[in-house]
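Each in C-alpha cells, the structures are laid out below.
In the two complexes below, chain A is the common chain; its partner is chain B in one and chain C in the other.
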Partner chain A sequence: MTNQQLNSGNPSVDIEYRRRKNAEEMRYQVISFSLMIFLTLVAFASVAMKDFTAWFTMPFILLLAVVQVIFQLFYFMHMSHKGHEAPTLFLFSGLFVGLTGILAFLTIVWW
Partner chain B sequence: MSTIAQKKGFGATLWDFLTTVDHKKIAILYLIAGGFFFVVGGLEAVFIRIQLAIPNNDFVSAGAFNEIITMHGTTMIFLAAMPLLFAFMNAVMPLQIGARDVAFPFINALGFWLFFFGGVFLNLSWFLGGAPDAGWTSYASLAIHSKGHGVDFYVLGLQISGIGTLIGGINFLVTIINMRAPGMTYMRMPLFTWSTFVASAMILFAFPPLTVGLTLMMFDRLFGANFFEVAMGGNTIIWEHLFWIFGHPEVYILILPAFGIFSEIFSLFSRKRLFGYSSMVFATVLIGFLGFMVWAHHMFTAGLGPVANAIFAVATMAIGVPTGIKIFNWLFTMWGGSVKFTTPMYYAFGFIPSFVMGGVTGVMVATAAADYQYHDTYFVVAHFHYVIVGGVVLAILAATHLWWPKMFGTMLNETLGKITFWFFFIGFHLTFFIQHFLGLWGMPRRVFTYLPGQGFDAANAVSSVGAAFMSIGVLIMLYNIIMTSVKNVKVGNDPWGDGRSLEWAIPSPPPFYNFKQLPLVRGLDAYWLEKMAGKKGMTPAEPLGDIHMPNSSFIPFMISLGLFIAAFGAMYHRDHSWGMAVLILGLLVTFGSMFLRSVKDDHGFHIHKEDLVDESDKGVKA
Partner chain C sequence: MHAEEKMTYEKWPAAPEKATLEAKNKFLGFWLFLGGETVLFASLFATYLALKDKVPDTSQHLAKDLFELPLTFVATMLLLTSSLTSVYAMYHMKNFAFKKMMLWLGLTVLLGAGFLGLEVYEFNHYVHVYKHTFTSSAFGSAFYTLVGFHGAHVAFGLSWILSLMIRNSKRGLNLYNAPKFYVASLYWHFIDVVWVFIFTVVYLMGMVG
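Now for the complex of A and B:
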C-alpha cells in the first residue's frame, strides 16, 4: 500500500481556511508568550521586593509557575487542539493522583 | 509468508514462543506461567493450612512459616493473579475491539519476559539461602533487618516484574485508545475491555509508587542508604505509604477485570444485553478513581490521627456505592433473561454472594474505630480472601472455561468443570468463613502456631479441610485441561452459541492476523446484533487488502535476561568480588539488546491479499 499524502495537491483543501487558522494560532502563541514573559518578570519582582515575606513569595511563585505550565501545555504543545482528549485526561488524572500523594505526605507523614 | 498451518517440531514451537510478538501466543505464555505460579502459591497455601491444622504443630519451623506466608501472598498477587488476568486481557481484548494485535507487539513480549524473569528470580530464593520473610507488604521496619538475601530477592524480583506489568498496562491503554475497529466507540466496548482500560490506567498510576518504594528499599538494603532507618534519621512509615499507595489500587487492578469477566458471562449466558451498561462503565471508572484515595485504610492503627482516619474511612465506604451498582446490574441482567447454567455461569452465580460477603466485611474493617479490634487478626485474612478468591480467583477460573475455546480451539469438559466448581466453591467457604470468627475470637494473623485449649483448634481444623477441597478442585481442573488437550476436539467460531462480542465472530483459535477485514461495529454486542439481523458474520469495514504484521524477535527475551543477571550481581556485590562484574555484564546485555533494537530497522512483513483470499468464503467475511 502506498502512503497517501493527505493535503498536497488536493484541490479540496481550503487554503484560505488554513491560513486564517494559522494566523489565529500565531496570535495565541504570541499573546501567551508575552504573558509568560510578563509572569516571569512578576515572579522576579516579587522576590526582589523587600517587603514580602517568604510565606507570601513562595506560594505566589508556585502559582505563577502553574499558570505558565498551563500556557505551555495548551498553547505551545497544542493541547487546546482537537484530538488531545486522552492525553489531557491522563495528564490531569496523573496530576490528581500525584498531588494527593504529596498532600498526604505533607500532612500526615512529615507532620 | 504462507498462511497455511504447518506441523512443527518441538524445537521450532519452543523458538516460536520464545520469539513471538503475537498477542494470542503471549496470552498463552502468560496463562502457562501464571498457572504455574498459581500452583506454586497454592502449594504454599496448603503448607500454611497443614501447619495450622492442629495446635503446636511442627510441620514447618517459625522461620520457614514466615517465608511461606510471604511467598504465598507475593506469588499469588504478583505472579499468579496479575499474569492470569493479563493472559485474558491479551487473548481477548484486541479481539473484542476488532484489532489485529496490540499497539506495541514487541513491548507486549518484553512485558511478559520481564514478568517471567522477575518471577523466576523471586522464586529462586527458595534454593539460594531462603525466601523473603517480611510479609508480602514487606514493611520496612521488618524488611531492612531481615537476615540473608530473602528480602533482596523480593525487592529485585518485584522491580523487574513490575516493569513488565507497567509497560503491559501502557500497551493496553494505547491499544484501546487507538486501535478500535470502525464504529467501535468507547460506549460500545464490551465491559471486559472497559475494565481492562480502567485497570491499565490504574497500573499506569499505581506502579510508579511501588517502583519508588522498591528502589529506596534496594538502596537501603544493598547500597547502604538509610531512607527507612529511623536511627539514621529515616522514616519507616514512608514505605508503608508508598506500598499502599500502590497496593490499594493494585487490588482494584485485580478486581476490575474480574468484574469485567463476570459482566461478559452474565450477559452471555442470560442471553440478554447487560443491564445498565452505561452505569456499569460509570461504576468501573468511579471505582478506579476512588481506589487512589483510600490507601491509608490499611494503616488505621499506624497512628495517622483521627482526622486522617476519618477521611480515609469515609472514602473507603464510598466505594461500596459503585460496587453496589454493579451487583444490582448483574442481578437485573439475569432477571428476565434466558439463563443457561454453564460452568462459567456457575462461577458467576457463586461469585455474587461470596463477593458481597467480602464487601460487607470490607465496610466493617473500613470503620476506623472498629478496625483497631480487627487489625492483624484472622478477620482481615478472611475479608481479603473473600474478595480476592471469591472475586478474582473465581473470575479467573470462570474465564478459563469461558475463553478456553477461543484461546485453544477446544472446549473444556463441562461436567468436570462443574465438579471443579463445587469442590473449589465449597472448599473456599469452608476455609475462609470460619476465619472471620477465628479473628473475632482473637487469633492473630501471621503466627506459625497456637496453643491448644484456646478455642482455635476445631475452627483451624475445619479451615484446613476446606483447603484440601480447593486443592482437589484445582487438580480436577488440571486433569480436565490435560484430557481436553489430548482429545483435541476442535470447535467453531462461537462454541457457546450465544456469543455477543467480536471475539466470537472469528475462528477459534483466531488466525494470526485475527481479522481478514476489520469488522464494522454497529452497536454494543456487535456480533449479537449481526446475528439478530440474520447475518452469519460481521460486515467488513474495509476492502480486502495486504495486512502489515510485525516480525518475531528474540530481543525481548535478551533484555529481560540481562536484568535477571544484573539482579544477581546487585544482590551479591557485597558478599563476592564477582558481584559488580555480574551486575555490569547483565546491564550490558540489557542495554546492548536495546541498542540493537534501536539501530536495526525492522519493518515487519505483509500478508498479501492473494494469500488471504480463500476459495470457500471468497474473502468477504470479516
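Now for the complex of A and C:
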C-alpha cells in the first residue's frame, strides 16, 4: 500500500483509481479494527476466566497489547506507508528511552 | 499548490495531508512530538509499576480491590471504536467529502466524550467509596497521575477536534486545513495506543494480582 501521487495524465481516470485505492485501504483498516477488537476480547476473557496463573496471563495480555498497538501504529496511523522513515525513527527512539526508564524503575526502585 | 487555493474534487491531491511545505513540516514536527509523548507516558508507566499497591497501611485498598472488568471493558470499546471512526473521517478527507468527514469526526467526539464521562464516574467512585485519592498513598498518586494524564489527553484531543470542526465548518476542505485534521486524528490514535497499555498494564494486570 503506497501513498504516492499517481498520474496517468487523465484526471478522471486518476480520480477513479484513487477512489478505489482509498476504498481498498479502508477495507484493510476495518479488518485491522476487527482484529484489534478480537485481541481485546481475548485479553479481557483471559483475565475474567481466572483459570490461568498470573505467570501465564501477564505476559500473554502484554503480548496481545503489543500486537494491537502495532496494528494501530502501522495501519491506523499509516506507519506502513512510504514517507514514514522519520516518524519511525522518532517513535522508536522514544520507545527505546521509555523502555529503558521502565526497566530501571522496575529493578532499582523498591519500597 | 498553495494552501489557500479553492479546492475542487478534481484538483484534490492524493495525499492532501502532505501536499504543501507547511503540511510536510507539520507532519514531521508532530511525529517528533509523539516520540516525546512516548517517553512521557513511559516514565509515568515506570512510576506506576514501581509504586503499584504501595500503601501505608492495610486499611487502604489495592489494585485488585478497586478495578472492575465491565467498566474498563466498556471504556475500552468506546475508545477503540472512536479510533476507527476517525480513520473513516480521514478516509472521507482523502476523497474530498467534507460533510462525511465532519459526520465521522462528530461521532469520534461523541465516543470520546462517553469515554471521558466513564472515567469521571470511575475516579469519583474510587474517591468516595474506597477513599482511594491522589494523596492517600504512593499507589494513589501514581495511579491518578498516569490515568489522569491520559484522561487529560482525551479532553485535550476532544477540544482540539471540536475547535477544528467549528473553525472550518463553513470553510470546507482545502490544503490549509486538511493537514490540521490529519494531525488531530494522529493525536487521537496515539491516545488510543496509550490506552491499550493502560487497560492492559493498569487494569487487567491489576486484577490478575
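We adopt the following convention: the second predicted complex is superposed on the first by the 94 of 111 C-alpha atoms of A that agree within 3 Å, B and C clash if a C-alpha of one lies under 4 Å from a C-alpha of the other, contacts with A are read in each partner's own complex, and residues count from 1 in each chain.
Please note the rule applied: contacts are C-beta pairs under 8 Å (C-beta built on N, C-alpha and C of every residue); 3 or more make two chains touch, one makes a residue touch a chain.
None of these values were measured; they are calculated from a predicted model.
Asker: With both complexes superposed on chain A, which partner does A:Val42 reach: first (chain B), second (chain C), both or neither?
Answerer: neither
Asker: For A:Ser93, select first, second, both or neither according to whether it touches chain B, chain C, the two together, or no partner.
Answerer: Once the two structures are laid over each other on A, A:Ser93 reaches both partners.
Asker: More residues of chain A are touched by which partner: chain B or chain C?
Answerer: In the superposed model, C touches more residues of chain A.
Asker: Just checking: does A:Ile31 make contact with chain B only, chain C only, both, or neither of them? Give me first, second, both or neither.
Answerer: Neither partner.
Asker: Considering only touches as defined above, state whether A:Phe105 meets chain B (first), chain C (second), both or neither.
Answerer: both
Asker: By the touch definition above, which chain A residues appear in both interfaces, chain B in one complex and chain C in the other?
Answerer: Of chain A, residues 86, 90, 93-94, 97, 101, 104-105, 109 contact chain B in one complex and chain C in the other.
Asker: Give the list of chain B residues in touch with chain A in this complex.
Answerer: The touching residues are 173, 177, 201, 204-205, 209, 235, 237-238, 241, 245, 292-293, 296, 304-305, 308, 545-546.
Asker: Taking the complex as given, what residues does chain C use to touch chain A?
Answerer: 9-10, 13-15, 18, 27-28, 31-32, 34-39, 41-43, 45-47, 49-51, 54, 69, 72-73, 76-77, 80, 83-84, 87-88, 91, 94-95, 138, 186, 189-190, 192-193, 196-197, 199-201, 204-205, 207-209
Asker: Under the definition above, what is the set of chain A residues touching chain C in their complex?
Answerer: For chain A paired with chain C, touching residues are 3-6, 11-12, 15, 18-19, 22, 25-26, 29-30, 33, 36-37, 40, 43-44, 47-48, 54, 57-58, 61-62, 64-65, 68-69, 72-73, 76-77, 83, 86-87, 90-91, 93-95, 97-99, 101-102, 104-106, 109, 111.
Asker: Under the touch definition given earlier, write down the residues of chain A that touch chain B in their complex.
Answerer: 1, 86, 90, 93-94, 96-97, 100-101, 104-105, 107-110
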